[in-house]
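Both of the next two complexes hold chain A, though its partner changes from chain B to chain C.
The block that comes next holds the complex of A and B.
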C-alpha cells in the first residue's frame, strides 16, 4: 500500500553547500502517484533561488517545482502531468491545504516546510 | 506579467466571512469548514426531491423511498465521493454498527430512507483480451466493506450476454441465438442454433464488430448502465445513484449529442426507467399485474451533478478517501474517441473558464425533444423516436444498394428478414452502423454477425417484432408469464 511506504527523499544535486535550501513535502493523489513510482509522499529539497533566463535568478516558485518534478521524479507519460509550464487541466493543486488559485498558482514562492499536493480529478465518475 | 485572478474579491470565505479561504469554486472562495455543508446541500438539493414516490410541494414531509437503494460504483473519484456522502447523509449509524453483526445492512431502523442499500461495481476487465486490464473488484470490495451498511455486488460486463444471469433476474431468453448483421444499416436479425454460450466470447465478439472506437466506448457505457438498471429492478430498488459530477455530466451531454443522442439528452441527467419486462408483463396479462414489491420504475439520480470534479477531489482529499481508480485502459489517452476529445475539451474549459461548464449542463437541462417518444429502444432501453430509417434516408448522401439477400445460412422458405433498426433509438443505430475512416471492423459478413445483449434478445422475442417475423410468435404469453411468474402479483 502506498501509505505504508516511507517518504522518498530527493534533493537537487546542483545545490551547493552553503546556499539556502527549501525542504518541501510533495504529495500525489487521485492516480497521479502512478506516474511517480506509485509513491504518494515525497520529501524534496530545492534551492531557494533558481535561474530565470539571461543569467538572472528568481525565488523558487511552483512553476519551477512542477518542472523539477517532471525532470526528476516523473517516471512515465509526462503529458498526464504537465501542460506547457503548468500542470495539465484537471489537476488540483493545494498549497498547505489551500487551493493554489488563492496563492498565485505557479507564481507562488515556496517556503521551507510547505506541503504541495497534486490531485488528479481525471479518474471520472 | 499580470495574471487574471481566478476568484472574485478577497481570499476570505464568502460564507462565514471570517475564515481564510481554502478553495475557489467557480470564482467563489470557501473555507474548509463551509465547504462541507456546501457540498452536502448541493447533493441533497439534487437527490431529496426525487426520493419520495409522489412529489410533494411542501418538501418538509418525511423522506421515504418506495424501494431499496443501489449505488453504482466505478472506483473513480465521483462515485467514491458519492458513496461517502450517501453513507454520511442517510446511513450514519456509527455508534450502533460497532456492537454486533446486526448493526449493518439489515439494521431495523425504521426511519431509514431506504430499507436496504447495495453498492454495485461493474467489472469491465474481460471486455478485451486477458491481461490488458486488471480486475479491480477486490480493491473496490475492500473499500466498500468499510461501510457496513452496504451490501457489495460485483457484476461483470459479460453478464450482459449471460443467459443464466438473465434468467436469475427473471428474464426470458429464447433457445436460439439471435444475432444482428452489422454490415448494413438494416441490421438484419439472424436466428441460429445456440453456438457459443460463453458470455466473455460473446461480449468480445459484440464489441469487436462495432464500427469505431467511439462506438465501443459508448456501448460499454450502455451495457454497464443496463446491467445496473436490471440489477436495481431485481433487488426492488426505487433508486439507482450514479457518481456523475457536473464535469462528467457536461462531458456526457456533449458526447451524447455528438453521437446522435440529442433526443435523450434529458436522460443523461435524470431518468425514470421502466424495464421492458414490466411493460411486456402488463401487455401480456389482462389482470394488470404489478412487479413484486410494487416497484416498476427505477429512478436514476446523479446527486453530484451540480458538483464539479474539483470539489470532488477536494472532498476526497480532505476526508481521506482512497480512490481506487477507474479502468481507462481501453482508451488510455482518450484521443481516439469522441468521448476522449470531449473530455479534454471540457476539462480544459473548466480550468480556464470555470463557470462555462455549469452553463452547458443548465442549457442542456432546458432542451426538450420536439416529439413525444414512441416506444423504447431495445438496446439502451431509453425512449426512442420512430422512423429513424426514413429520416436517415432523407438526410444521408449515399448510394443506395439493392436490398440485401438473405444471409447464406437462412433457408429460402424462411420468413423475410427482420430488421433490428425499427426497434432502436437514433443513437444506438448510429453506434452500431456508423463507419469512420478508422473503422475497427474488417469487411466481411461473418465478422459483423454480432451477438446481442440478453435484454435485446428478450425484447425482440417478446415485442411485436415477433409478429413482424410473420409465421409465429417465438414465445406466447403463457410461456412468458411462467418465466417471469415470481415477479407478478395478482390482485
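The block that comes next holds the complex of A and C.
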C-alpha cells in the first residue's frame, strides 16, 4: 500500500550534543501502525550506546529500540506490540529487508541509516 | 553482535533474507518466491484439486491470505498451464468502516490480476447487514451470525458464478488453530473435517485450501517482498475471543518450536474416531425453508434469521451433538457435509 503520510521525526531527548547518534527509519504495517498514531513510517534518532545496568553501557540494539518505541511512540494497547523484552509472537521484524532471525534478533546492533520494519501477522486474512 | 550476511542455502549465490519456519533454511528472495510457489503447486497437484477447464472462485477478503492466494493462483495457472478460469468472489457483510474499505482493496486486485469479481452482500441475501444485526443483538454473539452467513454466502455466490470450486486463503496457522479449538471443545465431527484439504459443499461445489501447508509468516513475507496490496484492519466488532486464545497459544508454541504448526496439523489428521462416537453424529438433511444442507430441520442461517426477525436478542443455535453453538467455527470453515452418494 502506498505510504501517503509524511515521516514523523523524533529523537531521544537525553542525547547530548557530542555523543554519536544513530538515525533510523522505522516502519509499521499489517495493522501495527494503528498502535502508532496510524502512521506507518517514522524517522527517529537514538544514541549509539545505551545503559546496560550497573553503570555499564552497550551498543544500541533492537531490544533497546523495541523498548524505546514502546515508551516513546506507542499510543495504545502496548500488549499488542511487546511481550516481555521483545515483540509479541506473530510480529515479524525485518532489518534492512532481511528477516531479523538472520541478524541476531534483539541483539542486532543498530547502524546509522538502518531501516527496521515491524509487520503484524495477527490481523485478518 | 551483527552476524555477517549469510548466503542462500539453495542457490549459494545471493544474500539470505528469510529463515524458513518450516525447515530453518536460510534463503534468498528469488529462491523464497520459487519454493513458496512450488510448495503450493505441489499441494495442489498431490491432492489433485483441479481439472483442466475448471471454473475456480477465489474467496477474496482483501486481507493478506486471499491477496497472496489470488497472486499465486494466477502465477501457477500460467506457469503450469492448469487451464483454470479464475474468479474473485467477495462477501460484503455490511460493516461500515471495515468491509467497505477492504472491498476497495479487492477491486484493485481485480484490476491488478485481471480477474472477474463478484461481490455478494448479506443485505441482498438475507435482508440484514452486520451493522443492522449488531444494532439489534449487540456485539456479543455477532461473530456467530457472521460466520454462518458467510459460509452460506460463499456457496450462493459460487453458484451464481457457476464455478466448480472455491479456494480460500486458510493457511497452516489457521488450520492448526482450528485443530486446537476443536480438541478443546470436544467437537469430533469438525476435528475430522478441519484438516481436510478439500470438502464438497452445496451443489457439489468443492472447497479447498491450497495454503494448507503454508505458514502465515511466509505468506506475510511473500506479500511484503512482492509489495502486494492488502488490507489489514481488525474487524470493528468484537473478535472471536476463543480463537484469539488459541492463536496466542499457537504463536507462543511457534516461537519455541516453529514446527509446532505442522505438527499440530499432523496430529489432527492422525486422529481416529471410534465407531460409537461416529454413530452419535447427526445425519444430513436439507433446510425446510431455504433448501440448504443442514443437520437440523432448519439450517443455521435460517434459525438465526428467525431469531432476528422475532427480535430475539439471544438467538442460539443447536450444534451437532446438542450443544449450543455460541462458539462458531471460523468464517470459511466447511459446513457439515454428508456425502449422500459416495460413488
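As a working rule, the second predicted complex is superposed on the first by the 122 of 125 C-alpha atoms of A that agree within 3 Å, B and C clash if a C-alpha of one lies under 4 Å from a C-alpha of the other, contacts with A are read in each partner's own complex, and residues count from 1 in each chain.
What we mean here is this: a residue touches a chain if its C-beta (ideal position, glycine included) is under 8 Å from a C-beta of that chain, and two chains touch if they have at least 3 such contacts.
Keep in mind the model is a prediction, meaning the values are calculated, not measured.
> Specify the outcome, clash or fit, for chain B and chain C once both structures are aligned onto chain A.
Pair status: clash.
> Considering only the touch criterion stated at the top, classify A:76 as touching first (chain B), second (chain C), both, or neither.
A:76: touches no partner chain.
> Is A:98 contacted by the first partner chain B, the second partner chain C, both or neither?
A:98: touches chain B and chain C.
> Does the superposition put A:107 against chain B (first), chain C (second), both, or neither?
It touches chain B and chain C both.
> Could you look at A:19 and tell me whether it touches chain B, chain C, both or neither (first, second, both, neither)?
neither
> Quick one: is A:31 in contact with chain B, with chain C, with both, or with neither? Answer first, second, both or neither.
The answer is both, since A:31 touches chain B and chain C.
> In the superposed arrangement, which partner chain does A:115 touch: chain B (first), chain C (second), both, or neither?
The answer is neither, since A:115 touches no partner chain.
> Which residues would you name on chain A as touching chain B in one complex and chain C in the other?
29-31, 34, 89-90, 92, 94, 97-99, 101-102, 104, 107, 117, 119-125
> Mind pulling up the chain A residues that touch chain C in the complex?
On the chain A side, the touching residues are 1, 29-31, 34, 88-90, 92, 94, 97-99, 101-104, 107-109, 111, 117, 119-125.
> Could you list, by residue number, the parts of chain A that touch chain B in their complex?
It is residues 29-31, 34, 89-90, 92, 94, 97-99, 101-102, 104-105, 107, 117, 119-125 of chain A that touch chain B.
> For a test of understanding, state which residues of chain B touch chain A in their complex under the given definition.
3, 6-7, 11, 20-24, 29, 32, 74-79, 82, 242-245, 247-248, 304, 309-310, 312-314, 316-317, 323, 325-326, 328, 343-344, 347-348, 350-352
> Where on chain C does chain A make contact in their complex?
Its residues touching chain A are 1-3, 5-6, 15-19, 26, 61, 63-66, 169-171, 174, 216-217, 219-221, 224-225, 229-230, 232-235, 247-248, 251-252, 254-255.
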